[in-house]
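Two complexes come next, and they have one chain in common, chain A, joined by chain B in the first and chain C in the second.
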Partner chain A sequence: MQIPDSYEFLLYPKIVSGRCALENLPTELDGHNAQKPLVITSQALARSGRTKALIKAFYDSAVVIGAIFDPVLDYAGISQARQAARLFGNRGCDAIIALGGGPVVALAKAVNLLASEKRETLQPYYDGTPIAGPLKPLIVVPSGPTDGQEATPAMTVDNRTIVSDSLYPGVFVLDGRMTSADDGRDLAESAAITLAQAFTALTMARPSPMVDALAHPALALLAQYLAPALRRPADKTAGLALANAAVMASAASANTGPGLFQVLAAALADATGICLGTCLGILLPFGMAALQKADQPVRDELCLCLAGTERYSAMAAPDRPVRGLELAAALARELQAVLPASLKAMRVQHYLLEPVARTAAEKGAGGFTADECRAILTRAWEANA
Partner chain B sequence: MKTIAGSNNRILEINLSHQQFKETPIDPRDRELFMGGKGLGLKLLYDRLTPGVDPLGEHNMIALCTGVLMATGAPCSGRFEAVTKSPLTGIMATASCGGPFGMALKTSGWDGLVITGKAAAPTYLVIDSQGVQFKPADAIWGQDTEAAQEKLLQEGKGALVIGQAGENLVRFANIRSGHRYLGRGGMGAVLGAKQLKGIVAKGGEVRIVPVHKERFTKINKRLGRSINQNAVTSGSFRSYGTNANVHLSNAAGILPVRNFTGGSHGEAHKVSGETMAAQFKTTWETCKPCIIKCGHKGTINGQMRPIPEYETIGLLGPNLEIFDPVVISEWNELCGKYGMDTITLGGTLAWAMEATEKGLIDTDLKFGSPQGVSEMIERIALGQGIGKDLAMGSRWASRKYGGEDFAMHVKGLELPAYDPRGAVGQGLAYATANRGGCHLSAYVLALEAFFGMADPYSVRWKPYMVKFFEDVYAAVNCLHICHFTAFAVELEPPLIKLTPNFVVKILNQIVSPLALNLLDLSFWPELWHAVLGKHYTPYISMIKFRKAGERVHVLERYMNTREGISRKDDTLPQRLLTEGRRCDSEQHTVPLAPMLEKYYKIRGFDADGIPTPRTLKRLGIPVK
Partner chain C sequence: MHIERYPELKPGRKWIKRFYLSIMLWTVGKAIPVAAKVDKEIKKELDKLPDNFTLRLMILPERALGPFFYAKMLPAFVADKGLLPYGMQMIIHKDKEGKLHYQGADPRGKKFDLSMAFKSLEAAMMVFTFRESTPTGYAHDRFVVEGYLPYATAFMRVLDIVEVYLLPKPIARLAVKRYPKWSEMSPLRKHLNRLIIYVRAFTF
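Coming up: the complex of A and B.
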């Protein structure tokens, strides 16, 4: 192994994973000297009994839940953030537990910022004002679809993103009771985001050992558990494995930035209103094919984590990059058992492809030009790899 | 003058790119299945429009269709329909208008127009019985709707015209005809993108007469009598216009206040129809022919001006916390001149006020203050500064600046002035309406909140009611006759008139399908049959009439699904699903999910909200 000349990596958050990980919540709060958390979640999770399971985890502890704020749907906005921040203050809370997926965690980060810095608006932060001090402890209990930003220093509220190291959650509690999916579609969307993040992190031009350390197991877990999880979304073991992969990929991605897939899918999601995971699920095979055609160097490590040590060792060295890409593309195609196979099947209007390609190219898109982005989108529209 | 019995049965197809036109006969089967107006317009585009085209591109089309009642003298029949792909929502948009263009088009010998292509330079069209003349519009390009219309009317009896908003591709620009508008969905921008400033129809070239004159006259008289007896059509609407609804909505807690956070307001009486009638000494200014006379004008600041309708009052008034009728009337007139939909404008301004309050955008707009609103309307119409972003509607603006949770739209179309948290059936109707947030798809709230004929908070049978009224109103838009005749047609027959409202409410709660099926809707199909000279069979013809409405509704839905619409889009703004109104101590929200599930089943849609092949086959819609 070669150590690069230089690299940077911020290692966050703490991960507590296991079948009974929830029962560690009181200890984790105690470790942050907190006794009265505000729980932010959604009504859908309350209905599914998961909020109740979380409350039960505190039965034998001195921790008192200050309040439960559960009207979060699939959008994080300043209105709800303010409401929850007021609740946080009025109930004298001293920590936040986010139980849910992307929007819940984004909202929890915003609430934390407003409550800790005693502000009513996020405008100063959008304008570049740095976050002054350490924020209140934030514990994330992932449940439901991810948006890939949970374990990053970013939060997107009202469609605008603030990035600060202070926004990293302190602890991720991954519990099989919470991470198993309710339906295959949510699971596939989350897996698409994880795959895109881990793939981009592992195939980046300037690798770092720390990124590899997270991206490698994330991909390996996906390779092993995606198929069983798609077959049986309620499978707790597979769900927990994919949740681990999601946190690892997300943390790795936080240190590498977005690549072609994420930028293209984000532009498509913005233009169409289709969720990011679905866009990624459709685009990944076509994007990977484009990478293959573009003859961009792909590292052997991709093959190593997707094929496993034995098959990797048995392969001729020059074949490994191509085989790695093929395996990644096969993994992406597995998602299409649940997600639509093309943008046309998703009924994306053809005239939108041009502006999406332009926007993606303007935002970087892994160095791909607008024409190349358009070509990928066109193939994804026609389902012609 | 040539006399035609029944209908012209021909369409004029115009290609602006090549300055060509052709006459196309209406397929008798299409006439039978899709009737006319909205149904015919949709079918014409279904056969011609490729899914996925750019609404502002050359290949988008706009159909303008009259119904068979137009020019026959049937009461309230001076309406025509426009159908296109909306630049605001990206899906099919339909709009109805009572301006003089429809009559002029029909009496020029055409039942409709289909316009495609894009003119090389600003153009207007002059339609007569022989076809169309393409004329340069440089002299009127840049003029407001009033000035441009005045010029065009020198060449015919009815005109359609866009203002600066349409020219500047404001996504909610409308099209004006007389004092009426094809209001919703940004049809003005579609014409603007085609560089088509206006269309004028010469009119007066043919005379339309019903095939069964005596029968027609008899039904006509009966319907006229019913309209003149009904408390809404001959009472409140005739005296105060649609603004009569301000008091009703306020009392029922469904008046939008402060971007749909309120529900009622102590100052609402200041903008009610009753107050405005007294303050401005209003008189009628209606569509022709009309005996309801809901359109009013009055003396405001010494000038005779149109009185804003209820939706305008609701969205530009209480929804912005403005209760000054003079100011609202001025904004209404400004919108009329620029050619902009007041509902979407009001919804977008309310979003902008709340976004400003929450620090998402920087404007002078403030709830409760008229300051800066006129200037913002001008900036939106002319595409200046942040006005250019607001000209894209609240969905687009909220995606750019944030605040999607309080952008009050469905499928990109801003909600009208009824808060569905006080009439949950209307919530379902908003969520499933084909063109987006629309109260005209199914006006269930009248039963729920105004007449006390259905429990406003119960979900029981609401999916059935919504489907029933969607079908009926779609058929009405095919005839084409004013929706307000529904008050007379549905509520005047003795069976329902003599039954106390609370009994109807109980019946609706227990056996709604039976109660609705007992509604006598026979006036409408009887008129249709008399005009076309077809044999009318009591009850059977009424069922067929409703089925035609169902066909048209499902066709529109199917066309929308080809543009990407599915269950994910059949939803309501987050505020309506999670927050209660300030006026409501019980903090009701709209329980949409269970109603939607049932609605799809009743409609024959799959779980994703797509019409099943079986449903399409049953309704005679060819699958593409």
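Coming up: the complex of A and C.
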């Protein structure tokens, strides 16, 4: 292994994973000198009874739960953030626990910012004002679908994004009771985001050892557990493995930035209103097929993490990059069993492809061209690999 | 927004688990000083600890899992005899002559050289219901150790051997890292020592 000339990596957050991990919450709060957390969660998770499991984890502890704020749907907005920040202040809370993924974590980050900085609006931060000091402790208990931003320093509220290193959650608590999925589609969407993030991180032009350290296990976990999880979404072991992969891929992605697939899917999601996970699930197989056809050089590490040490060692060295891409494409095709097969099937109008390709190329800042984006979108629209 | 829609929640208590764990800690605590007298291996491990040394095994958080109400009513010299399960701690003291004493579950007025704590009640339940062996629990980060780490590992080895004596073989197999073979601990010696430990620990 060669040390790169230079690289930067912010190693965050702490991960507590496994059996009885949820019962470590009081200890983690105690480590942050906090005793009264505000729990933020979604209506769906409150209905599924997961908040009850969370409350039980605090039995026989000195912690009092300030409140369980559970009106979050599939969108994080400033009005809800303001309400939760007021609740945080009125109850004298000193930490935040986000139970869920995507909008729940984004809202928790926004509440943390408003409550810690004692503000009523996020406008100064949209305008570029830096976050002054350390925020209150934020613990994330992932559950349900992810948007890939949980373990990153970014939050999207009212479709506007703020990025700051202060927004990193302090701890991720991953427990099988919380991470098993209720339905296969949510799981496939989350897996598509994880696969795109880990694939991009591992195959980026300037590899760094720290990014590899996170992207490698994320892809290996996906390769091993995606199929069993899609067969049985309630499988706790597979759910826990995929949640671990999601956090690792998200943390790696936070240090690398988005690649072709993420930028293209984000532009498509903005233009059509389809969720990011579904867009990625449709685009990934065609995007990877395009990479295979283009004969782009890919690092051997992709093959190593997807095939495993034994199969990798048995392979001839020149075959490894090609085989790595084949395995990644096969992994992406597994998602098509649950997600729609083409953009046409999602009733995306063909005329939208051109502006989406142009927007993605602009956001990609020279990393890829509009023609490349257009080719992938056209194949994904027709379902023609 | 009506603030009352989101009430404050005070988590409850798991009384049965508390009671079970207090009995387990009491049993193990009473057995260790006696086992040190009858088993050479335990004695050898405990000889590594300095004299005038106090160690405790407890369950966090200490504030929520303090001594039982009757332990608080007793004077210290009675509570320190450890005649009954008094709470979620196990305190063992090695005196100046190198003798071990079980000192109950009341930490008041004591200074600890080694403090080992389970991070939560559920973590302790995993270990004391033998779903996880003691070394596995240690490896899974179920403990917090304050003190010199080699002493803590020595104590873990002592705990392993004591469990072999206290528990029947099918259960002890789940609780220890590796159950000793016949050549390492003869069945006769094991049963005889087990009898001595139970009789001496819980009679006088």
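Points worth noting:
As a convention for this text, the second predicted complex is superposed on the first by the 383 of 385 C-alpha atoms of A that agree within 3 Å, B and C clash if a C-alpha of one lies under 4 Å from a C-alpha of the other, contacts with A are read in each partner's own complex, and residues count from 1 in each chain.
As a working rule, a contact is a pair of C-beta atoms (placed from the backbone, for glycine too) under 8 Å apart; a residue touches a chain by one contact, two chains touch by 3 or more.
What you are looking at is a predicted structure, and each value in this text was computed from that prediction instead of being measured.
Contact with neither chain B nor chain C is seen for A:363 once the two complexes are overlaid on the shared chain. Applying the stated contact rule after C-alpha superposition, one finds that A:52 touches neither chain B nor chain C. In the superposition on chain A, A:347 makes contact with chain B only, not with chain C.
In the superposition on chain A, contact of A:121 is made with chain B only, not with chain C.
In the superposed model, A:69 makes contact with chain C only, not with chain B. Look at A:27: by the touch rule set out above, it reaches chain C but stays clear of chain B. In the superposition on the C-alpha atoms of chain A, no part of chain A is touched by chain B in one complex and by chain C in the other.
Of all residues in chain A, only 71, 73, 75, 77-80, 82, 121-123, 157-160, 270, 272-274, 346-351 touch chain B in the complex they form. Across the interface of their complex, chain A is touched by residues 51-54, 57, 90, 358-360, 398-406, 561-566, 568-569, 574, 577-579 of chain B.
Residues 1, 3, 6-14, 17-18, 60-61, 63-65, 119-123, 126, 140, 142, 144 of chain C are the ones touching chain A in the complex. Partner chain C is touched in their complex by these residues of chain A: 18-20, 23-24, 26-27, 30, 55-70, 83, 86-87, 90-91.
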